[in-house]
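Structures follow.
Two complexes are shown next, each including subunit A; its partner changes from subunit B in the first to subunit C in the second.
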Partner chain A sequence: MALRDQIRIMVVDDMSTSRGLITQALDAFGIRNVASTSDGPTALKTLETSPVHLVISDYNMPDMDGLQLLHKLRTGAKTKGVGFILITGKADKAIIEHGRKLGMNNFLKKPFEPKDLQACIEAVVGRL
Partner chain B sequence: MSDKEARNTDHDPDSGLDIDAASLVAVLAGQLSSLHSLVVGLENSVSQNICACNGLSDSAIHTMQRVDYLRLSLKDIAALLTHLGPSMDWKLDTHVTAETLRDLVDMQDSLRGIVQPPNPSKTVHQHDIWL
Partner chain C sequence: MTDINDPMAEIRASFFIECEELLEALQDGLQELADGSEDAETINVVFRAVHSIKGGAGAFGLEPLVRFAHRYETVLDEVRNHRLTATSDAQKVFFQCADHLSDLVRICRDDQPIPVAEGEALLTALNALLGDEHEEEEVTAEDFQPLGVALSLDLPDLDIEAEPETPCFDIVFRPGQDLFATGNEPQMLLRNLAALGEAEITCDLSTLPPLDQLAPETPYFQWNIRLTADISEAEIREVFEFVEGLCELEVTASGVDVPVPEIVDEPPASEPEIIVEAPIVAAPVVEDAPVELKVIEPEAAAPSASAAGAQKNNAGPKSVVRVDLERIERMVNLVGELVINQAMLAQSLDQAGLSPHSDAMNGLEEFQRLTRDIQDSVMMIRAQPVKSLFQRMSRIVRESSAAVGKDVRLLTEGEGTEVDKTVIERLSDPLTHMIRNAVDHGLEKTAADREAAGKSGTGEVRLTAAHRSGRVIIEVSDDGAGIDRPRVLSIAKSKNLIPQDANLSDSEIDNLLFLPGFSTASQVSDLSGRGVGMDVVRTSIQQLGGRITITSERGKGTTFSISLPLTLAVLDGMVINVADETLVLPLNVVVETLSLGANDVQMLRPGEFVVRVRGGFVPLYDLGVMLGYRSPRETHEGSIVLLISLEDGNRAALVIDGIQDQRQVVIKGLDDSFYRAPGIAAATILGDGQIALILDPTDVIAAATPNRIMDKPMPERKVANE
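Right after this comes the complex of A and B.
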């Protein structure tokens, strides 16, 4: 069974369009086990009971940004090992450095092509 | 009375002269806020249809991500202009006239409040010539 059939992914983005576009791209790769949510606190709550292999999160979100979510994930007993990809509108060096220190596995700058997303995911979890 | 206060007091939408900076910036901020609201509505409509339709092209997925950037940019610029507007003024010895604004802007309704619409008789006159 291919990795794409087994992997579970959560998409976190406050904009429904962005969530939909990422979910569409994942679907095109053959990844069907995708959950999505609009904010970090809800993601954390959901991940406690429904763990995933990989979180793909937007950076710019109200209340809890992508790196704050990453920090919470890395300090949670059940979520500290989850893969994490940050999606950001501007690949600001300070943001990326901070993300690396927190344990970010990869990042992707918007707007991206689906093939870039696939490459980004495969760099974290292996060939889909 | 300062130069700025004097100019603001002198401002008259009917005069066709000297538009004060704060009024113009306030109009621009309002226009940007309206555009931001339109983009939010557009984004919500698009997102509902993304879930319903199958197989967006790679280029569509790429291009549609820019809606988010557009929304955030409009929101930020509107907030900046709203904040800065009241303290803005033109450089000394310069002025912007209603006539200049009319020449620059296609959607003149957006300037309502600081610039009067073009003289209707002029439009009728031009129409008469074509007839």
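Right after this comes the complex of A and C.
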């Protein structure tokens, strides 16, 4: 079985359009196990019981931004090993640097093409 | 309509819907800032709204939108990070940018060409706010070394360090030919094995030969065991120590036995109108359990702290489904048909002479109740708060006050008042016109004029909405100089709109503003004088089954009041007889019914009567005479009278000939080709297929007031082709 058949991914974005775009792209890659949620706290709660291999999260979200989510993931016993890709509208140096320190696996600047997303994911998990 | 087979088109459509919500949040946030909000979250909300629009626009390659949103967002980011102060001038730019952004969204949505000039001025204004070159330091993908992650596809490593899970072994135990002969008993072995941990044992019968070939002393079975136990492989092999060589034993560590949590996929895109979100089900789902699909509100994308809290309590998020308006329209029409059909059925059952206690009649009653419930529910679907409409008006105020150089503030009230969606849509144009009028004509020309009149230099336009006696009242008022009646009168005379010798009351003069071709602006201004007068406004309101009235006080201001029906579809009516006609009166205006005695009626002067109702006097009108169905009667003794409440709070008594029934009627609009007969709001079809006119009582009374010049039937002017 190819990696894409088995990998589980969670998409976190407060904008349903963005969630739709990402999940649509993942679907086009043949990735079937995709969950999505609109905010960090829900993502954390869900990941406790339904672990995934990779979290793809937007940076700019109310209440808990992408890096705050990453921090929570890295300090959570069950989630510290999960892959994390940050989607950001602005690849601000400070944000990326902060992300690197927190153990961000990769980032992707919006807007992106599906192939960019694929390359970004493959850089983290290997060939899909 | 989007192509349902194209998921991208669907996402694009949902993006524009989401944009409307973001733009609304943006407006709200900017307004809060303008009102002096100190909350840091306010500017965050404003920033995020623009940022999200930019993000989505980028995905769909809407370059002009991205470009503008990007610059706007950059400035907002500076404000957010306290590097820039949102002065009132800056806020003005922000509002204009929000307006422009909303234009761009609409233009992109409708694939229209982008007007270049407008945005450039705002971009320049934004750049000016940023001051010296603003450095944006961005990281490129090359600068970042992606960090690989070791994947275990059973997900054990995610948990292994945290909480060592119990190892799991797959064991295959295949007894050899001599196992029984040596006195070994597989059952004992399996029992010992099971004692080590949790064992799932299945017996494989596939090697069992047909009965005629079966040797009784030969073992044929083999067992597959899945053992979950915190032990080593050696400990497992120990169990089989005594049968070593007498059996085949395979032990494989199969890793951590994690129960596979169900993950719900995004549902396949098939219905573009309904956005269903499938979040991961929170609890692990038992295998074979049906997959649970929750419908959550896409807008819950920005959950407030309390909403998040509610979710934690497992209360479940509020469900929202987006539905194509056409489907609702169809439902409304069907409900209309249902109501008519129910009335017809009631009529035939009645004519069949059934006892009111018969099953059929009881069933009918239940049917009527259900019909009413369905109708209410359907109407509720169509109801929307007027907030979006009011937000649009705040833009009109900003633009029009800037155009005429006045300082104007818009106050709104009752934004949450719900009105039928169609009504909201069709109110936009008339309200726009009224707001422009209020800013342009209503308010004094200069701040100095206002201050001379003892008012603040900033003019005030007030927009309110409220529910009152089953109707929606929307008012536009200004605190300007009020209507200059002598001037209005002289203009009307000079344009030959009224006879030169006409002697009019104040309210009649005010109403001259509604005459076609009336315009008080001495010169056509940029704003209101576009050849569209208040007469067009009035026509649009009347087409919605509404009324518009005007009150003005010299020096204090002018108020336009629009009264609209709550719904355009169905009405609770009282079916009455007048002369030989069947008419319908809205039930909510009827206070009580009376039968007139000999001494109840008093004549004030010929043709004017009042009726005594519990110590008070109420003016009496003969509906048949008012509508021209018959000539006045000698006496009203014995007549049936309906006591009705009018919108201005007064009461009136209407003489009618009989009451047939109370029932729901479906409102059918009268064609534009009819003259607007005063007092007639619409028509309906009754149970027997007969057509009956629906009265507007306030209008009937108004039309009956003597010397009215305004409500003579006038040829309708079409506002727009519908």
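One rule holds for everything that comes next: the second predicted complex is superposed on the first by the 128 of 128 C-alpha atoms of A that agree within 3 Å, B and C clash if a C-alpha of one lies under 4 Å from a C-alpha of the other, contacts with A are read in each partner's own complex, and residues count from 1 in each chain.
To be clear about the criterion, a residue touches a chain if its C-beta (ideal position, glycine included) is under 8 Å from a C-beta of that chain, and two chains touch if they have at least 3 such contacts.
This structure is a prediction, so every number in the text was calculated from the model and none was measured.
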| item | value |
| --- | --- |
| Contacts of A:A35 with subunit B and subunit C, given as first, second, both or neither | second |
| First (subunit B), second (subunit C), both or neither touched by A:P51 | second |
| First (subunit B), second (subunit C), both or neither touched by A:G20 | both |
| Subunit A residues touched by each partner, larger count belonging to subunit B or subunit C | C |
| Subunit B versus subunit C as contact partner of A:K115, first or second or both or neither | first |
| Which of subunit B and subunit C A:K78 touches, first, second, both or neither | second |
| Touching both subunit C and subunit B, counted on subunit A across the two superposed complexes | 15-18, 20-21, 23-24, 60, 89, 110-112 |
| Residue ranges of subunit A in contact with subunit B within the complex | 15-21, 23-25, 28, 60, 89, 110-115 |
| Residues of subunit C touching subunit A in the complex | 7-8, 10-11, 14-15, 18, 44-45, 48, 51-52, 54-56, 58-59, 61, 66, 73, 136-141, 143-144, 146-151, 153, 155, 157-159, 161-163, 258, 261-266, 269, 275, 277, 279-284, 296, 298, 300-303, 305, 308, 311-312 |
| Contact set on subunit A toward subunit C in their complex | 3, 6-8, 10, 13-18, 20-21, 23-24, 27, 32-39, 41-42, 45-46, 49-54, 60-63, 77-83, 89-93, 96, 100, 103-112, 120, 123-126 |
| Residue ranges of subunit B in contact with subunit A within the complex | 43-44, 46-48, 50-51, 55-56, 58, 61-69, 71-72 |
